[in-house]
Structures are given as structure tokens and as C-alpha cells.
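Step one of this worksheet: look at the structure below.
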């Protein structure tokens, strides 16, 4: 019975792939009053559906472990349904329906974790509903502008309405992707969600916000230039968006560095990575959108990989804080490799595809002549090395800091299979960036009305500003590595392995298990002494929202005073109000 | 005067050590000499400032006497060092650290005992907490006499050590390896239970095969 | 065949230039300190000594792989930097790469080695790595911004194209885009791990930092790659700002003059703390860079 | 001789069944009759939809002119009648299947419930003011008695309070009726509507205010709804579902029926009603944030929805009106579902306080899941029907370029989400102290699941009954049609 359920669940998780491969003509579902839900697959949604098709089964696989969690399976199926509706929607109502189903089903999935606290759950649902309602408001403005719900370009661009529309949609999607200062729900949700589900949240659901932002480009052709004019070589409205993205990624990167918990670090890193995408969408040129899509693809793969691996570590050790882990490299070698590949992708180092994405974005910034943005973005992408290093050092290297970390074994196969698949995909995409450009990115760009980037060959990434060849790079690096290693063994002399982890140069001292040798959570603490970073780490927007909550509760209490318990008061109130209104009406001339 | 042809007690050990010290290596081929020549040009020194002799290392390393012109330069950690300089008397507490540092150095490695305290205890010959003869605990390759030896003497000593290395002669680390039981017994005699851990010389457990 | 010979030549030239330059640096340093100093070949001896050590300690597979990765990274970097202009030789695979790729390749190796350092379990090493990454964060921003000004000037990321655009002395970017050169100069020194930005491996403070656990042949490999990497960076800057070089002697001359400039600067300043380094880079070179951007991009005559 | 299907059956049948209660007790058919009567009427109502769509059904039973019973069955009132009877069916089945407390299963409640339905049906069907007052009192009195059914302290207190405030409201309404009669000499609504314009403006204002206060109290609009939470808290949750599901809707309908009929141009009252609606909505949602008792929370949420409906109806455009009517239907269904869940939880845990319900999701998974579903519907999240009705309302506003109500509605929905999801979160808390034994008494969930199914069906395929609402909205707003049809028949 439970096996049947699991097989069924796995089949359901493959449904996005099925949709993607078998989708034929468009469907329409009349809702009411002339509102018709249109469902169609265009290249833009196909790209994001591909991400979903890729990610959904990989997240589902680890969920199969243990006794079947039927409510979670059902909610996951609903979530997939909602996201497919969202992506297939050809009109805004269908989009909104999918968006909302996704929101509440993911919220209920979030509650499946025992770590979710009230604050985290509330901030998740309220931020997301606020996003949804802003979206709905935008949709209604759109409707009043065009008299239609279909997703299409807006003809008239003058007047305040299109700007209001852009702001409403923009805010809605920016909340979803978690840009500053609307990001508060992200770290809490990613941290507290069930460990596997965090992968889904970060890798796939944040991409729906990205999809929305790209839809903005559909709504406002010429990439937002029409709204506020142009600045240097790019749209001025996009310049604001780009700065929002970059500041988000800078702040989130430093926050990530200061985290002491694996999942929170990954959460902040997600915010930062999606910040790059936001920036690129702000630039809006063909290169930039290509870079944004590539970054979305890479970030999906990387975050799936990292969150699944981290979930495996938490499963095996029961620990999640950097201080409690360490030296798992010998006991969890595949997980180590997975995190290694993951952070290389995250940091955007060649030869993995993260570099291709960064390259496109950098080049697009140079093309737009927005060099200050480029410098700011570089700051966050370089600072990202620190948290990447922390992420691999603290759990896998150094010294084991808890009994669990000393005895842990490799994660079970449902966790390892997705890891291996994702590692393979990342490496393959890194060697063949041109393949990704040609078959995944270019169709979307064409559909958006932008010039395709094109690729001379699968291995080559080519832009007007020059490019690079992934195959050559990988071959050279691999050959050099093989030659160096081989040559090293040709030299005479014996290699020996240290007999103990405590065989360290330690000023002649003999460290023991009690010596604080693991640098884990402390890494990056000294960054606080740098003025800018110290300032960033000291400030937070939590206070504002806490204050807002407190104020609204106070208002609730104040108003609640009306609802007394005494019938006399009720009557008095009614009569008094009646008298007052009567006086008013009489004074103003008797007209109602 | 009382003379005895046969040694007795620790004097035998002394002779044994002295004999092995002066032994010529028959197997110094061309490659070995080349390697030795390269090695002698570069000595990284772990200067263990155990006693007052350390004061003489400073002028040696700095502008006045400029040991760098001989390729002699300080190394921060034992992993990178070739030469361990024991500068002066050696308290028992320090001995433990010195032994650990020595064992953490990578072969080939050399020990220079600096000053009379390291040779025979010097003015601390009857102190309860210093060792008398460094040679009993670590294999010394070069003694530099004096109290204190001047930097010129130090340069002389280093030059002698470089010549020795250049000739490809076997050095103290081989002796340490071959007579590890003896050295460890000596160390244990003075350090008692307070021995440095033994994982730094894995070949000992491998039965001398490495 | 051509590629193999060419690659070996590039590796060889970068290594030889590397130890000679470093030897010169040490002697120059000594003369400034009124010492005699070691021979020009001292770095070669040191390197050979370590490569010929008979014992090498590792702390596990990752510890062993780190130096291999960093060396492979250095070789890859060298092979992606064109050494000569308008020549078939000493080009490596540079036509398959670009400037941004090279900038990222410069950090691939150190990050790989950082894994080895972490794997050793020595906290001093990890402290050094963190310092290194922090410094990288500081220096990379102005460094990249300066290079971006050059990329913008020539509207390409290809080193070949930038080199080709600087025909005569007057077209050197050093003279056509002096702000960019000034902006990158100090970060460039820091990227060479030279004083006053050498707090990463400070022997006394963090016990040699990232290299604390490396000894024997692994340390030798680290030294080798360091010398090659230095040359690669020098050649890159020569390509970008000094018009590249038509043949090897000119290349050596230009690289050497640049090296002399950086060495002279780094010899006379005391070491900065990490946060001072970062703060400095974010204030002075980055501020200059921002001014440069304003001057060349924002102001009307720039566009 | 064909059986005449006239509107009077909607009133007569439940009355007859109610007064024959002793017979049903004797036959042991009490519960089945309680179930069957509204079911039959619901079937009747549904079957009448096509006919009524063409032309409203009118019926006059003359007692002594001008007194008489004028019944006026148009699409709008038919929709309400169908809704009330559907609610009656659901309520009866919950009582029947749910093995509820004995005080809800006796002869007394049987009569009272049927009377309540009758009264509400009468309120929406009636065509003259006098009968309106009569039905108002029928519905009112049965409601007072129902709220005091449990006969413990809180229930009796609630009943008494309800009686007092209800009577005061009735006095206001009665005064208004008297004034109207004095001014025009008419009680027939259509005739009144014709003559209302001739009344002096000051008197119009007075009458309007009297009606507003009276019906405002009854229909739970903001400054006059301070009594609601206490009554809802004191009554049995199942009974409360009737108040929130039927009674309020009937009064809201009456209020707007009168407004749209009496005023030649409903825009006159628009500002007042929309302001009242918006205030009701915002204040109630805000106050609900702090509630610790589920019944009070649901009461405030109910007030919020009433505010939303008032806001939409007050705007008086066809789209918003249709949406508001749809929302009335949804809200009735949802609140019945939620109050039923509350009743089940109360029976299990003897408390509905937030702190006592921690971890209930593990003890009563089905009930909690239904609560979640209901919450989603009340918040207007797709694919449930609340979404469609809200969308309809919002679309109506957007088409009229009125954006401030949209902003307010969305803001209110956000606040509402704030407390509903707080409850849901607490329900699913993993509290080790929470009761772990899972028990779901099967048959009691049948009506709940039925409601859930309806909500889902209406959310996914609202076009099935879309025509009803559009016609109802037209009928409600079509003052001229009513005047013509009624007066044309009479003259």
C-alpha cells in the first residue's frame, strides 16, 4: 500500500515533465462573466516549466524516504499543480490562481516541519499574500487599462497608470524573489521549512518571482525604457530595479557570511543570487536577460543540490549549526563532492556554468555602461566566496565537533541520487555553455522579442564582447591537473598521512579534543570590523515590521474596546449615533 | 689517573653516537651530490628561542650579519623548516615542545645545538629542570660552542652544516630513526608521563620500515 | 603539436621569469635594508629544496589535492594569458578565453587550495584563508572596476583585441586611460600578496596562514605555482596597459619595469591589517574608480 | 387541477411542518422532517429559477386592505430562498448525522429552526412593510430563543442580550414603518417606492436613518454591531452558523432591497453604505487579530465579510452586486463549515480557546483540514469559491475605475489572513502535550465534506450558476421592473 502511494507520488512529481513534453494546443476554461482562463505553453514558460520538471522529481525522491507522509504528498502535488497553472497561464487570472495555490499549499507544507514557529509561518504567508494581493491589484489596474485579462503588451505608456501597474507588479514579484527590504520572510521560511522542501522553496518557487519579473518585460516592451526614459545605455526604470537587486545581493551576502546555521546561510545566499537575476532583468538587454535566465537555471540546479545535500547532513547528524559539525569529508564523501560542486557553481567560478551566467551579466552591465553597478555586483559576488568557503569548511573540513559528527555515515540513496544527477548536470552545462544558450536561452529571448545570443558551438559562449570555450577550458585544466599530479608522484620521497587529526603545527603545543580548533561559525566574524560591513550587519528591518505588528495589534485592542459586554452601552451607542447622524443630516440640509 | 679502555654506562652510548656521527657515506652518487648541492643553498631555520642564545639569532638574521645571503632564512612553522636551532639551555617543559616540533619537521631535517648549555648543560649542569645533553634526546648535527657563540660563530656553524649537507652525508634524522627506542627511552626518563604524543613518528609503529 | 610546445614554453618562461623576478625582489629588498641579500637564484634553490624533500606529510586526500588544483589553476591561467602580440607563439589557449575569465581563473586555484587548508584542520590556516578571502573581497572591486574601464574603452573583453588596439606608445592604455591604471595598481600589488597587503600569510600573527600545514614537496608546488601566477598577472597587466610585447625580451623588459614599480611601492610601506586593507581599497582606489567612471561614462564628453 | 407552485409554499410549508411537531415526535420523524422540509423547498426553489428568470412571481393574499400578504418572488429573492433552504438542509443534516447534544434535537429547537428559516424566507419574499415587520419579529424571536437553547449561564445571557438589542432594533424599524405609513398611506413596497420621492427631504432623511440604524443593528454594520461577538460566543456554535449564515443575509438583503427600491437613485446612499461597509470590514478584521476564542474570532470574521458585502452592494453596479450576492452564498457556506468545525472541536475539547486547541491538527486531522479549507475560501484564495466572488466584486470596481475599495478589500483580506493563518499554525503546532489519539466520527463530517465540495465546485466552475447571480443582481437593482410588474398587476 505504502509502496503504491510512493510510486504514485513519484509519478505525480513527474507531471511537469509530462506536461512539458506532451503539451499540445492551448486550452481555455471559462470561469465566469467573460473571464476565460487560457492555458498555453510559450517558450518563456517552457523554460521555467523545464526548471520545474527538472526539480520536482529530484525533490520528491528524498521525500520518499521512510513512512509515506500522505498530507505532504498531497500538498506537494497541489503545489506542482499550482505552479504548472501559473506557468501555463496565458491570462492574468489563471496566473493569479496558480500563484495563490502555490502560496497556500507551500505554506501548509511549511507547517509540516516541527521547527516552524509562529513568527516564521506568519511572515511567510503574510508576505506572500501581500505579494499576491499586490499582484491582484496590478491585475485589476491592468484590466481597467486594457479591458482584458490576457497577458499582452500595453499599448499606451503615458500617464500614471502604467507606472502604477509597473510598481504594483514589481513589488509583488520583488516580494516573491525576496529583495531587500521585503526579504524578511525568506530566511525564516527557508530555515524552518522541512529540510527537503527548502530546496524546492529556494530553487523553484523563487523562480516564479523571476518568471513574473520577466513577464514585466513582456508587458512593457523595449524593456521598461518607455516608463522613465533611458539612462546611459539602459532603461532608467531598470536602473532602479538593478540597484535594488545589487543592494539586496550585497546585504544578503554579508548576512549570509555571519550566519551560524547551514540552512540560514543558504537562505541568505538565495536572496543574494536572486538579487543578481533582478539586476540583470533591470538591465533588460538581450545579454542581460540571457544572463538572468542562465543564472536562474544555474541557481535552480545549485540550490537543489546544496539544500538536498544539507538535508542529508542534517538527517545523518541531527545538527545544523556550523559549530556542531566538522570533518565529515571522510564519512560523507559524496555529499562533500556535492557541496563542492555546488559552491563552485554558487560562486560563479569557471568552469562551472555559474561563471557563464555571471559573464553574461557582467558583459551586459559593461554594454549598458553601468559600471558602478558592476563594481557593486562584483563586491557581492566576491564576498560570496567567504560564505561558500564557510559552507564547505565548517561541515566537511576541520575537526568533528559533536558526537554525531564523529559517527555519521553517508546520506541514504534517495538523497544521493538527486545529488549525483545534479552534479552531472552542472558539470555538463559548465563544459557546454553554448548548449544552454542555444537550446534553453535563445528560444526565450526570441519569444521576448530580443536578439538571440547564439553559440558557434556547444562548448562556446560567444558575445559581441568576446567569449570563452568551456571545452577547451576544461581540457586545459584537466590536463594540467593530471600532469601536475603525475609529475608530483615522479618525484622521490615518501608521502605519509598524519597519524592523528591533532598532528598540527601549533607552536609546539599538543592540541587535544578540548582545544578550539574548529573555526566554524566564527568565520567572518572579524568582518564586522570593516566599517561598511559592520554597519550592514548591525542594521535590520525586522524592527520596522515588529513595530508594524505591534501597532496593528494595539489598534485592534483599542477598537476591540467598542465591543463591550453591556447591552445598555450598545443601545446607548445606537441611539447616540442615530441622534448624531440625524443632527448632521438636518444641519447639512436634509439630503441623505 | 683512572683510565678505562672500555666504556661503561652511558659512556658507551656516547661513543656509539660519536662513531655514527663521523661515518663517511659510501653511496654518494652524482644525483645525491646534486641534490645535496641544491639543498645546502637553502636552509629554512626554525629558531627555537629556548634560552639566552636566542639573542644571537637576531643579529644573524638581520641586516648586520644577513644570513639570507647564505640562503638561510627563518621559517614560521616546523613543516617548512629544515634546521631546528636549539638556542641555549633547554628546560624540561620546553623539551617536550622541541621534540614535537622536531618530529613535525619534514625530512631531511637538521638540528643545530647552540651554546654550551645545549652541549653539556653549561652553567645549568646541576639544575633540576634542565637537560644536560641535548644529544640524548634529539640527534644533533652541528654543535656551535660558546657562551654565547657570536654571530660569526653561528655563520661558521651553518657553513659547516651546509658543507656537510652538500657532501650528502647522512644526518641526524637517520640516526633518530634508527635509534628511536633509545631516544624515546631517554626522553621518557626525563619527561615521565608527560611525553609528546607518538603519532608524529608513524614509522616507529611501522617497525622502522618507511 | 604546436599547442603542446607552445604551452610548455609558456610554462617554462613563466617559471624562469618567476624565480628570477623573485630573486631580484629579494636582493632589491636586501639592498633597501642595507644588506647584501641572497643570490638571484635563491628562489630556485628554495623551490628545488622543497621539491626534493624526502618526506611529505598530508592530512588526507583533499589536503593532497589542494596544491594540485592550485598548480593546475596557475598553469591554466598562464595558458590563457597571451604573452606576445601579433605572434603565433606564446599564445597558449588565450583565443578561447577573455579577460573576465582570466580574472576568475586567478582565484580558482587559491580557492581549491583553501579546501586543502581547511582539510588540514589547523585553525591558523583557516584564519589565513578567511583573511585572504576578505582581502580578495576588498581588492577585487577596484581591480575589476579599473579593468572594466578598459573593457568599456575598447568595448571588448578580449585581451587580444585590447592589446591590438594599443599600437604605439601613445596608444598605451597607461596613457589613454591613466585613471584605470592608477585604480588597479594597488589592488594589483595586493593580488600579488606583496607588502603592505601581505597580512594573509603573516608568519607571526597567523603562523604562516594558509601555508601553515604545508611542507615538503607540497610546499614546493605551492611556491612554483606562486611564481608562475605572479608572472601571469604581470603579463596580463602589460598586455592591458603597456601594449603587450612583440617578442620575449621586450616582454621581460616591460614586465620587469612594472615589477620594479610595484616592488618599489611595496618595499616602503608597513603591513596593514585585514580590515585596514579592505577599508583602504574601498575608500581610495574604489573612490578613484568611481571618479573615473563619472569622468568617463557619466559626464557628457565621456559618452 | 395542477398543483399551484406559488411563493407562499416557501413560507407555508415550514410553518405547517413546524406546528405539526408533536406528530413528528410521535412518528419518530423529527430529524428527518427537519431535513426533508428545507430539502423539498430547496428543490422547489431550484426548479423555479428558469421561470422566475423570465418574470417574477407575485402573490397577494388580502386580509383587510391595506393589510395583506404580498409576496414577491424575483430572481434575487429566489436566490436567497434557495440559499436559506440549502443552509437549512445542511444544518439539519449536521444535527441529524452529527449526534449533537440533546438540547439541539428536541421539539423546541425543531420548531425554532423551522421558524427561523420561515422568518428569513418571509423577509426576503415579502412585498410589503407590515409583513416585513412580522417576519422580522418571527425570525428575531426564534433567534433569541435559539441562542438561549443550552440553558446554561452564558447561553441565557446571550439570549437575553440578543432579545434586548433585537427589540431596540425592531423599535427603530417599526418607527420607520410608522413614519412611512403616515407620510404615504402605503405599506406595499412598490407603491411606497413610487411615492417615496414625494416625502419631504428632512423626513426622508429621518426615515432613512431610522431604517439604517434598525437594520444596521440587525445586519451587523459597524457602529451597531457591537453586540455580535457576545451573542455568537454565547450561543451554540452550530446555532451560530444559522445566525451568520441565514439571519444576517436576510437582513442585509432587506436593507439593500429597501435602499434600491425606495431611492430612485441609489447613488444617494452609496457614500453612506460604502463607508459603513468599509468601516465594518476594516474594524472587524482588525479586532479579530487579537481574539483568543474561536467563536469570537469567527464572529468578527463574519462581520468583516458582511462589511465587504455591504461595500460591494453599496456600490450598486451590476457586477459588484452579482459578486456580492455570490459572496453571500459563499459566506453562508463557509461560515456554516467553520462553525460546524468549531462545534465538533468544542465537543471534543470542551473549549475553543486558542491555547487549548494547540496541536488539534494531529488529533482531528479531517476537521482541521476542513477548517483550513474554509479559511482559504473565506480569504478568497483560489481555487475555492470565495476567490471567484471576490474577483467578481473587484473586477466590478476596477471596471468602474474605483480603486480605493479594491485597496481596502485587499488590505482587509491581508489582515484577515493574519489571524486565520495564526489559528491554522497553532492547529498544526507539534505540541507533545496535545492529544495524540486520532478520532474522526465519520457521519458527522458528511455535511461538512458536502460544503467543502460545493465550495470547490463553485470555485472551479462558477459558470454553472453564474446566470443566477447576474439575474438576481439585475432583479435587485431593477427598480423600474419591479415597480412596473407590481403596480401593473395591482392597478
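So that you can tell them apart, the chains are marked A, B, C and D in the order they are listed, and the count of residues begins at 1 in each.
Please note the rule applied: contacts are C-beta pairs under 8 Å (C-beta built on N, C-alpha and C of every residue); 3 or more make two chains touch, one makes a residue touch a chain.
Since the structure is predicted, the reported quantities are computational estimates derived from the model, not experimental observations.
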Original post:
Where the centre of all protein Cα atoms falls, which chain's Cα centre is nearest to that point?
Top reply: A
Subject >> Most widely separated chain from chain D, with each centre as the mean of CA atoms >> reply: B
Subject >> Pair of chains joined by more contacts [C-beta pairs], A-C or A-B >> reply: A-C
**OP:** Indicate the whole-number Å distance between the mean C-alpha point of chain B and the mean C-alpha point of chain D.
**Re:** 99
Original post:
Using mean CA coordinates as chain centres, what's the chain A-chain B distance in Å?
Top reply: 60
Original post:
Just how far, in Å, is the C-alpha centre of chain C from the one of chain A?
Top reply: 35
**OP:** Please work out the Cα centroid separation of chain A and chain D, and write it as a whole number of Å.
**Re:** 44
Original post:
So which bits of chain B are touching at least two other chains?
Top reply: 77-79, 104
Subject >> For chain C, residues that touch 2 or more chains besides their own >> reply: 52-57, 207, 212-213, 216
Original post:
Out of chain D, which residues touch more than one other chain, so two or more?
Top reply: none
Subject >> Those chain pairs that satisfy the touch definition >> reply: A-B, A-C, A-D, B-C
Subject >> Interface residues, chain C side, partner chain A - complex >> reply: 51-60, 62, 64, 68-69, 71-73, 75-76, 79-80, 93, 96-101, 104-105, 107-108, 111, 114-115, 118-124, 126-127, 129-130, 133-134, 136-137, 140-142, 144-145, 148-149, 151-152, 155-158, 161, 207, 212-213, 216-217, 221, 274-275, 278-279, 282, 286, 289-290, 293, 297-298, 303
Subject >> Complex interface listing, chain C residues touching chain B >> reply: 26, 30, 33-39, 41-42, 45-46, 48-49, 52-57, 203-204, 207-208, 211-216, 219
Subject >> chain A - residues contacting chain C, complex >> reply: 232, 327, 329-330, 340, 347-350, 355, 359, 362-363, 366, 369, 371-372, 374-375, 378-379, 382-383, 385-386, 389, 392-393, 396-399, 465-469, 472-473, 476-477, 480-481, 483-485, 488, 491-498, 501, 503-507, 516-519, 523-524, 526-527, 529-532
Subject >> Touching residues (chain side chain A, partner chain B) in the complex >> reply: 494, 496, 498-500, 502-503, 505, 507-510
Original post:
Can you list the residues on chain D that touch chain A in the complex?
Top reply: 160-161, 164-165, 168-169, 172, 200-202, 204-206, 208-210, 212-213, 217, 223-224, 226-230, 263, 268-269, 272, 283, 286-290, 319, 322, 365, 372, 376, 379, 381-383, 387-388, 391-392, 394-395, 397-399, 401, 403, 406-407, 410-411, 413-415, 417-418, 421-422, 424-426, 428, 430, 462-463, 466, 470
